[in-house]
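Below: a set of structures, written as structure tokens.
One chain, chain A, links the two complexes that follow: it is found with chain B in the first and with chain C in the second.
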Partner chain A sequence: MAATSARAATVGAGRPAPLGPWGAFLVRRVAGLAAVAVTLVVGTFLMVQLIPGDPARVVAGGDATPADVERVRHELGLDRPLFTQFADYAGGLLRGDLGSSFQTTEPVARIIGDRLPFTAEIALLSVLAVLLLAVPIGLAVAARGSRRADSSFTFVTGTVGATPEYVIGTLLVLGFAIKLGWLPAAGAETLASLVLPVAALVLPATCVMARIVRREAAQVLAQDYMRTARGRRLSPLRLYARHALPNLLTATLTLGGLILAGLLGGTVVVESVFAWPGIGQRVVEALLVRDYPVVQGCVLVLGLLAALLNLLVDLVLALLDPRVLAGKGAN
Partner chain B sequence: MPRSRFLSGAVTVAALSLAASACTTGPAGGPSSDGDGSGGGTVRIGFTSDVTSFDPAKGAGATDYALTSLLYQPLIGQDDGGAFVPGLAEKWTSTPTKTTLTLKKGLTCSDGSPLTASQTVASLRRYQAESAGALLTFGPANAGEKTTITGDDKTGTVTITTSAPWGEVLAGLSGTAAGIVCKAGLDAGDALARGAVEGAATGPYEMAKAQRGASYELRLRKGYTVFPQYAAVPAGEPAGRLRIQIAKNESTLANQLQTGALDLAPFTGTDAKRFGDSDNGSDNGTFTVKSAPLIRHYVGFNQRSGRPGADPKIRKAVAQALSVDAFNNVFGGTGQKLTSYVDDKAPCVSTDSSLLTGTDKAAARQVLKGVVIKLEGSNAVAGGAGNSYVAEALRAAGADVKLTNADNATWATDVTANQGDWDLTVFPLISGALARGGAYFLGPEPAEGGLNYGAVQNTAYARHYVAATSVTDRNAKCAAWQKAQEALLTSHDVIPLATVDVHYATRKGISFATPTGALSLSTLRVTG
Partner chain C sequence: MRRVRWNAPLVTALAGLGLIALLGIVAPLVLQEEATALSGAARAPVSAEHWLGTDALGRDVLARTLVATRLTLEMTLAATAIAAGAGILLGTGVWVSGRRVRELGLRLIDVLVSYPALILALVIATVVGTGPTASVLAIGLGGAPAFARLTANMAASVAQRDFVTQARLMGVPPYRVLVRHLLPNIAGPLLVLLSVAFANVLVALSGLSFLGVGVQAPDYDWGALLNSGLASLYTNPAEAVGPAVAITVTGVLAGFVGDGLAAALDPRARDTKTAPAQTPAVSAPSHRAPADALVTVDGLSVVLPDGTRLVDEVSFHVMPGEIVGLVGESGSGKSLTAMSVARLLPEGLSAHAAQLTLDDLDLAAPVVDPARLATGIGIVFQDPSASFNPALRMKGQLTETLRVHQGVRGAEVDRRAVEALEQVRIKEPARVVRQYPHELSGGMRQRAMIAAALLPGPKLIVADEPTTALDVTVQAEVLDVLTDINRRRGTSVLLISHDIGVVGTVCHRVLVMYAGRVVEAVSAADLRAGRVKHPYTQALLAASPRLQDTGAAERAPLATIPGRPPQPAARPAGCAFAARCPVALDTVCATERPRLIDDVACHAVRQEVPTA
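== the complex of A and B ==
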């Protein structure tokens, strides 16, 4: 760690940095995060206003008279000027209040608190599985260097990687739940319920990532220092784990962060296929009934989480590769 | 060594997963018996939408109605053929201006406290104030203080008096929205909508567990005996527990039903065919499929000046361009071809097919050629496939159709609130009652506080509607309804199409009734 900091200081020594390379790096990243947050707040508020349809009418119900609809509109605060509504929304955010659902009157914070753990669970497990599978597979194919293995690998990963998650999910249910009866078809009641939704997310993502790892690994393995390492007759495990893998980490982590950020919001289809009570499903429900506070709150929280994850990945990359501090890193 | 350790770890994880799976996947032979000892075990039911409100007066979807009907029982029920049956009330009398109901003896709330006439009155007053549907329970001319609701705790009677005659009070009181809420629920304010309130229930079940958006578990109240007395309630015991699970799509529900994780699930799409041929009462040995109308489709017109629908000839030509059989086939051909704007389960519905205009494409073409028609429909049912059929049929007759397949919220805003630019709609009517569905064809327009979205001006229909809804005598009511429907159908203000049915697939050993064509989970019994 001390060595890393010293190297970082050396890298940043060429330009005036009163905060030091780490300080400047953090200021840049936090300022970026703040800009993302402001954009998300304004963007989500304006986005829901553009959706056609009247939330007051949806809440009032099919039998409602226009007077009922107007009463509901007033109760929801939708009869006030747009700027006043935004000021209330932004003021609420500053107090930590995300508002309440138009439909169920539940606080949005509670809805997110109830749903986010489910989405996070399958997203985090999926990323972990993707990393644990894709890196060794990609590395192994690159190390083998066989044209036949390479062709098979390209065919399989190309096919599975291009298959939509809902198709994979449906096939998994058909095979493992309906035909074999080994795993639950849907629900979130036990650990076993995790297997199929995570598999549906992991298979295509693993294929995409394994292809990238293979390409990166092929470049790394062709480097002079790898030839030197081979010349020292190191064991394959030591050769790849100690000399090749660290040089793949930058690309792998960058991609892993993007995959996780994507999975947080992108589990909608898988949550639907497996009746997984995550946040993606709730956003779709809320969109269909024009439940503005729920849409705003969920999109805002998901967006901020994605931004935070990217920040975390940047920090880890900066620790691993100090060139990142000066904005010259691989990513 | 690392490899063998990895393999053994993987095998352990797989084995644990399978063991956990075996614990969760329910028995394939019928309801499980892990209830609390009362009733007939646990029945697991799937729905595709979550509850939006636990307040019976504010229910808006199938799952809302299903759950609140179990928690809050109405005073009476309406059975097939229109007969009223006891619920919380054991007897009643009704005239066009006065309805008196006598509560059953020994009624209690779910906390054990007695349910009195005064509490029932408070619940009905709240229903009148809070529910949009209450307007058609007490009558449009009897809003607010023009309806008085009083109770006598000594005799256990509740009396409803309206200033203007209105003959639909009993029908309105039989609806799920009029379910009686005990004092604990009335005092809870908005909390009643957010979740079941302890001590508020008057129905056969109380909430045991709730995980919003995922599952709910209801427990049968001990010693509960005042179930609604529909004629077709199956023999057997009510379930000791009902576990409601939410899955967003029907294929997922079908997978769960097929693998033994559910015992009952509703389907509007082709997944129902996995469990039988979707005919009413079809039985493939493991599952039974029972069908009931969910949506009643008809064509409605914007009849405002300058719109094509203002011309009776064009309305008739639209009827001639359409084939009800073809429309029904769009939804698998399992729906009921309508002879009015509601299905034949509705009391007093017209079944006279001579009032309908048959398909005559040549005649339709002569009138519709070159006519520009803006068709807006909801895509809530089968992605709007019915709208697409109507659009294509009108195009085939020469009309220049601009189709908008909107989501339900947009459609409701554009058409039923008349804030959009539309000429014709394929209306998905949820209510199966003539008075409720027919309220869309008379009175003020939405901009003036009414429901008449198409600005229909059919004075004969309006006169007969008022006559039908102002009497309680069944013969006089049906005679007036016949004339009202004749006026509406022969002027082509409405063109009946077909129902889209919901197919309830149940595992063997479970049965329930569908009075007036609607699912009643209070009638669910474990039969074997």
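== the complex of A and C ==
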């Protein structure tokens, strides 16, 4: 498999790309990002349109008068043709206008502006922590190759990895906030408030990721080029960090990128457990009171964040593995 | 589908899930009243009457947790069915449809998958509302893309196999291709995926209820119970612990079913018994190598952990400046012999020898100075396309030993790398050193591998089937480079090959191996002239084509050797070749192991030509 893709790449290398490999790569990826963005805009627009029955009535609530319903219908622009509505929605987005909350009449853009930093904070911290923990752990278990270490690793990661963030969060609050009183149970007042939400996100994701790393590492370590490197009698650090790691990261990130994007979903839940004032908590609040503009805006921004995270992973992949740049996957 | 090998984790996890399912059926029948009865004391702590205390309305938490099992499991099953159904349809559908639909479909799946499933579920919940049915739809559809992606990956490996291509070329309709060819071949991995999806769906569904956007009162599932438990975490923590444990245990069990199934279906997962390694008794030095030999190997055995000898008491030497060939069929132990000399045996194998030295360096010692090893022995591996690290530039790989073990720095590194590539006749070496391995052709890569082996100035090059993976036209080129270096630098070469023609052309001396033993040592001139004694060597020569045979009389059909070499664990007490040997003697060959005397290990030869 590796041999065929390498051969294919050799053939392709003869044809000069007009933009250079990085130019072509960036064009491809930015186009992909644009496609995702368009899908998200259309998707969030259709979200309100697809509400079964009369969206205006649903939005206005069960005990609304017919006049209320008509007013809501007009406010939502639902009395105009579909295309006009979409043009308004998309045009508003381009101007940074995401509408206003039904509930508080606050502009959605400002709500997101206030809350995004909090979500970004715990999401980015968690992504970093997951990578910094999972890669060394997985690599170490694979490199050891001992049967006992392997089965206890499988058991622990299987158990913790399958435990949902909200359960871990609840247990962490119970242990560290209520019983021991070491850390705050909720809010975002102090730096210490970060610890429990990030831990709740990182623990299960690290376990899932470490399993992927272990599996991929076992494959990388069995490759011929690792034997070549061993033939140069390198120190274990150089052997694993210089020769195994780049190849391991390519495979790991290709699969693990999804887990990292999935951390955003976990953020939504964890923010609710810890009353963390991020977008996730707000979107759930809005959903419960059918505050559709807020839901639309938050979902759009979370989606774009996920897409950006994927782009970031792709960029790192391209830096690590020249074959990705040439449009050939590592796998 | 392959036969499932039941294992303890799988059985335990399945039994556990069965118990929970039983609970889901029985609990609502028995405990319904207790779960809804208002006992009076709200948020009572754990007591003998209420094992997990009571909730905000004074209802028994344990009873409610047990009763909630049914709704939770029903919803999880339904949502898993939706996710799996939609996912399998989409994931396999793209592989049986036309090219354009396929590419569009795969792209769409990619976009959907990159979007976190839980947020996708929230969007769907916004549209369809709250409650059990809406939750099932939201989580089921939200999980479909991930299922589709994984199914598409599995289907891809099957759909590109020959029998599926052939079925499609023969005009078998897509539906039949799907049902007859695709699904049966991915059934095993799909089952694993299903149990993992079950765990994920359970977690997501409970999460939706936990957030308050799933199941609404008066209905309750584990997620909803956990939600109300969170509110009374300070007064009765047990209220949260009950449903938390229920969700976790069920999810973990489903995950373990997945792990267990994967292990049960994995054809590679054999039960490898690891017996304590038996150190073979090393016989006293027997092989009389010249005192000035570069490499001396005496009584070398390579053993598996269970004591099976893959290489059995092999002795030989390599003189300075000499090219020695090791030839034999695959499984003859020639590569393991060479890798013992290079101290690069695969994990689990161990080498034992009365003497194993390179000059004054003891290669059999427990620890050997890595710098002396790396600079003393250069290694050329079989497959040049796999033996270079794809993520690193050529220069770094060529010069690593120089930099790490010989302290070469700066511009000197570049100069040496370019010079080394020039020596192996690579054009534009200054450009090549900056390239990645995949940008080079196979022949170039193997010559670069030789350059890398040569750079530290080794005394010995171990070349393990250096031409096997190359095109015939490139083979000569690579062998030429090897002999050229041997001539100009006096570097000794230990060349491993299964091609008796190659070793006869390149080497000075050739050792023929069979079933882990050296059966004959012969000079290359004798080999080329056909002056070989051992019946196995004679058979090997007769089985290899020779282009210079032009005479019609000589163009006899190529001979084949009947039978196969014995497996390492089933080697006979006598001569391992006896069963295939045309001249085997009834008396000794089957019972007594022939020793290498006068460069040949054969009872029959010795009888015909009595030793002086």
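What we mean here is this: the second predicted complex is superposed on the first by the 257 of 331 C-alpha atoms of A that agree within 3 Å, B and C clash if a C-alpha of one lies under 4 Å from a C-alpha of the other, contacts with A are read in each partner's own complex, and residues count from 1 in each chain.
The rule is simple: a contact is a pair of C-beta atoms (placed from the backbone, for glycine too) under 8 Å apart; a residue touches a chain by one contact, two chains touch by 3 or more.
Only a predicted model underlies this, so the values are computations on that prediction, with no experimental measurement involved.
By the document's definition of touching, of the two partners only chain C reaches A:Gly145; chain B does not. In the superposed model, A:Gly92 makes contact with neither chain B nor chain C.
In the superposition on chain A, no contact is made by A:Gly20 with either chain B or chain C.
Once chain A of one complex is fitted onto chain A of the other, the partner contacts of A:Arg227 are limited to chain C, with no touch recorded for chain B.
For chain A, the partner that touches more of its residues is C, with chain B and chain C as the two candidates. In the superposed pair of complexes, A:Pro136 makes contact with neither chain B nor chain C. Of the two partner chains placed around the shared chain by superposition, chain C is the only one that A:Arg238 touches, whereas chain B remains out of contact.
Within the superposed three-chain model, A:Thr105 lies in touch with chain B and out of touch with chain C [touch as defined at top].
When the two complexes are overlaid on their common chain A, residue A:Pro52 makes contact with chain B and with chain C alike.
Within chain A, the residues touching chain B in one complex and chain C in the other are 52, 170, 173, 178, 272-273, 284, 288. Considering their complex, residues 52-55, 57-69, 103-106, 111, 114-115, 170, 173, 177-178, 181-193, 195, 271-275, 277, 281-282, 284-285, 288-290 of chain A touch chain B. Residues 111, 113-119, 122-123, 125-128, 146, 199, 203, 206-207, 210-213, 226, 229-230, 233-234, 237, 240-241, 244, 247-248, 251-252, 254-256, 259, 342, 344, 347, 370-371, 373-374, 379, 381-383, 385-392, 397, 400-401, 404-405, 436-442, 449 of chain C are the ones touching chain A in the complex.
Interface of chain B with chain A (complex): residues 16-21, 23-25, 49-53, 58, 60, 132-133, 135-136, 190, 193-194, 211-214, 245-249, 251-252, 255-256, 258-259, 261, 406-410, 412-413, 416-417, 419, 430-431, 436, 446-451. The part of chain A that touches chain C in the complex is made up of residues 2-3, 5-7, 9-10, 13, 35-36, 39, 43-44, 47, 50-52, 145, 154, 158-159, 161-167, 170-171, 173-174, 178, 223-225, 227-235, 238, 242-243, 246-247, 250, 257-258, 261-266, 268-269, 272-273, 283-284, 287-288, 292, 295, 299, 302-303, 306-307, 310, 320-323, 326.
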